[in-house]
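Below you'll find the structures, each written out as structure tokens.
Two complexes, one shared chain (subunit A), two partners (subunit B, subunit C).
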Partner chain A sequence: MGTPAVEIEELSRVFEPRKKPPVVALDDVSLAIPPGEIHGLLGPNGAGKTTLVKILSTVLLPTSGRARVLGHDVVDETKAVRPLLGIVFGGERGLYWRLTGRQNLAYWGALYKLSARETKARTQQLIERVGLAERADERVETYSRGMKQRLHLARGLVGDATVLFLDEPTTGMDPLAAREFRTLIAELRDEGRTILLATHDMVEAETVCDRVTLIDRGKVVATESPRTLGQVISRFQRIDVEGVDAAVLGEIRALTGVSGVTEADGGARIEVDEEGATRVVLGRLVDAGATSVKTSLPSLEEVYVQLIDDRGLEL
Partner chain B sequence: MRAFVAGFGLELRIVRAAPDALIPLVTAPVFALIFLSIVRESGRPDLQADALMAPVLMTLWWIALQNAGNMITGDRWQALLEPLLATPASLASVLLGRIVALTCLGLVSFLEVWAIGELVYGVSIPFEHPVALGLTLLVTALATAGVSVAFAAVFVLTRNAYTFTNSLSYPLYLLGGVLVPVAILPGWIQPVSSVIFMSWSADLLRASLKPSPIDDLWQRLGMVVLLGAISFLIGRALLFHVMQRMRAKGELAAA
Partner chain C sequence: MTALATTVNVMHHAFRAGLADYRAIFTWKSWLAGWMVRVIAQVAFFALLGERIGDDQKTFYLLVGNSILVAALTGVFSLNMTTAERWAGTLPLLVASPSSPIIVFSARGSYLAVDGALSALAALFIAGPMFGMDLPWPRVVAVVPLTALVALASYCFGTFLAGIVFRFRSINSLVVLTTHVSLMAACGVNVPLSYYPDALEWFSRVLPVTNGLLAIRGVLDGADPATILGDAALEAVVAVGWMTLALASFNQLASRGRRDGSLDYGA
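This part shows the complex of A and B:
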């Protein structure tokens, strides 16, 4: 393997807010992302994802450790790093609301040293690519949340960067737009770009990434293939049920693959920990005449615990 | 240079969408009337043209300073500062472009005071040296923007742009010879004034409205440009330092 697109070595970051105890946002993180990979950074709120993305983007200094983008240090060689990067921070802010989408893009294009003509062409192309063509000449303040997200994405692409950092890019997108977004990510990879995608959405990480690094409280928990992640997710489903009596629940508790049944007013939550158990439980519940059955994914924390258990590690 | 152009274009579009940045243009004619009335009341019609130039300089300064102070904090609050710093563009150049756009628009105040003088008192501006006048206005707009970049950096440090703007402007009008020529101020002030670009601008503006030939026009224009450029370079260094500090502390994003 040649130079990694992103190389992170023992990176730590401690924040020292005024009049508050220090916060360790990143604790000895190491990671290498080869060129052309879509790498997921999955973790709950406060895990340190944004902190890592900011350090890699040159806008935050690490407390210790180092990080390189295509071989260039993000602290000492910002001049070399910045032209290589495209950044999409999540949220609704980060745009000039009183300007139109096209005007926003034109500004950022010029900041990436495109000529006026290039900016114009690139802007038009991106507007179409992210599906904003009809509203491109309206003010951003009239955009929906999802449209602002798409404009953010276009902004991240305006410099034609080879390395893209996306921080929760689908927050606020409707499911359809989120799916289109995932197609776009795959296209970007096919164009040879490297992508680091920070998200707290397990399914998103599983569906679009080539590899996923799980972080929690600033530490790397594991780096997994999306397949492993997907297996854990589907294995540890939960089923919420209403309208079955205690006898049926007792019977279900005894089924193999059922790890727990907790009764709550009028209903119960059933947890499974084996592939295929969900199907059996669902069949039994329907036969018993349940009035409402709902399955849901395990929480990120549960997936973490499970992955760590599987590897015999300790938290 | 691309960064400068990016900033210039951005600010023009912002002003077109919402012209609040240009509010000082509203007060320029008011000041013009006040100053005109004073010199007329005191029986000095020879000072009428000078009285019209003061509001032009004040307007440029006010527009530049007030907006420079808000640009970085405004961008920071809107989560625009981090993405901006992550681009290859120089922050100082973007800022300079943005402020130059505003000071150029601020030159409209010249037309305003001209019109108000004519309309209210029938006083016209004596265009004795129109080329010198035009050049002086232009380099003054540029220098004002250059100095404002330095102040923008200080504003981020002090976090109280408003008080700062207010308390800085009036001494500067005095030292810059905006209202009264520096030559008639106490002697010890004169060396201080000579490093303030506005004193050179103000003297040149007044000279370009008098029939007598202007001494050393190019050197004096050069002085305005030089002082503006030095301030810009100091501002750029200061900004770099301030941004580096914010990068270290994690303060580039507003909570």
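This part shows the complex of A and C:
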């Protein structure tokens, strides 16, 4: 394996607010992200996602441990790291509202040491790419939230970043705009860029990420592909069934490994929590003449809830 | 691109960003009808005080001092720069960029120095004749670069304060007001430096305005060129000194921000 795009070793960060007990924001986090991967960083608010992104972005020092971007240490080699990075975060901030979209990009182009000619060409290219051509010469304060987010992304790309850190980039976007944004992110991966996407949006992580790391209270809970994570708790399968009577459902409710049966709209959802229970339940439903049976794996959201809420689950 | 060209390019864009902020506050019409009227009224107020309590000499002393003070007051508004960056959430992005944020901050509010110099000169050249003050031609032309120097030195001082008060946003306005009053009181604007105790006179010499104002008074009073140039040189040294300290304060700001996590971003 070549040099990882992002390599984190036993990284910790403790904040020590005045007159308050220390807060452990990151606790011994280790992670390696290969080049060209979209890696999701999932966790509830306060889990440590933003702290990790800040350290990788060189705007925060770790208390201990190391982090490298394309082989360069984010603490000691900031001059080498910074030109490689693009940082995009969600929300309204991070842009100069009284400048136009084009002027914003030109400003950041200058900060990324592009010549005037390069800046002009890159700015136009990015404006078209993120779909802001028609409004590029209007002040950012007149933009919608989705437009600001697209401009954020363009700003993050103005230096032709190899590694992109996206922190809650679709916060507050409407579903359509968020979907378009995710399509853009996937395109960036296809160009060979590495993307670390900090989010608590399960759908977003499931849709675009090659792998996700679940983080909670500063610790890594799991790092897997979204699908693998789903399979890890496949014993928590769900069976949706139609055309069986209440007596049969009563029998199934009594089976070992069945954790719940919920009846609704002429059908029922049966939940199992033990390996092998699904096969037994399906056999009983077929014998009972069920007209429709459907099994499904848990969504990433359900995995997330299980892993974050149920620390006893071994991976 | 050479390092110098890169730096100039960043400064150009930073200046433009600052100017865009200013244009959101003032149009040409509101600048003339609002800001300039206020400035001339302020200068006239002090000149009228001079008329009431003394003679032409006192009137002109107060008129010149308070006109030039406008350059300083405007330049010191650069103190609000970091607040603007903080509000915009751009500071950590500046720190994380390949260019130094110090370059940005050295230029971001420099429009204020231009505005300050223009306002002060307009005040002097409008209020002066209104109160019968003789502006000796062509010597008075030298007042233009000297006023620009005062504005620049004040901008450098304000930029230094911006780096200092970054961590204490709640007292930002208090610092602006205190600085304005201090410059007015300590820099020979309303009373000659000789009125002050020696220690305060020395202190006022390291503040912006004091030396530049002495040079300007020298030009208007027909002092010898060596004295004028000496005071002007001191004002330039003060400007360089405060800008050096400003750059150090921003360096410190970024370093400390990395250590304690005070470089916020996000919604």
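Going forward, the second predicted complex is superposed on the first by the 228 of 315 C-alpha atoms of A that agree within 3 Å, B and C clash if a C-alpha of one lies under 4 Å from a C-alpha of the other, contacts with A are read in each partner's own complex, and residues count from 1 in each chain.
Heads up, the rule we're going with is that a residue touches a chain if its C-beta (ideal position, glycine included) is under 8 Å from a C-beta of that chain, and two chains touch if they have at least 3 such contacts.
None of the values given here were measured: they were computed from a predicted structure.
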When subunit B and subunit C are modelled together on subunit A, clash or fit: clash
Partner chain in contact with A:Tyr107 - subunit B first, subunit C second, else both or neither: both
Subunit B versus subunit C as contact partner of A:Arg82, first or second or both or neither: both
Which of subunit B and subunit C A:Thr58 touches, first, second, both or neither: both
Which superposed partner A:Ala178 touches (first subunit B, second subunit C, both, neither): neither
Which of subunit B and subunit C A:Glu168 touches, first, second, both or neither: second
Partner chain in contact with A:Arg98 - subunit B first, subunit C second, else both or neither: both
Touching both subunit C and subunit B, counted on subunit A across the two superposed complexes: 15, 54, 57-61, 79, 82-83, 85, 87, 89, 91, 93-99, 103, 106-108, 110-114, 155, 159
Touch list for subunit A against partner subunit C, complex: 15, 50-51, 54, 57-61, 79, 82-83, 85, 87, 89-99, 103, 106-108, 110-116, 155, 159, 167-168, 171-172
For the subunit C and subunit A complex, residues of the former touching the latter: 1, 5-6, 9-10, 12-14, 16-17, 20-21, 23-24, 87-90, 92-99, 104, 257-261, 263, 265-267
In the complex with subunit A, residue positions of subunit B that touch it: 2-3, 5-6, 9-10, 13-14, 17-18, 78-80, 82-89, 94, 247-250, 252-253
Residue numbers on subunit A that touch subunit B, as the complex places them: 13, 15-16, 54, 57-61, 79, 82-83, 85, 87, 89, 91, 93-99, 103, 106-108, 110-114, 139, 155, 159
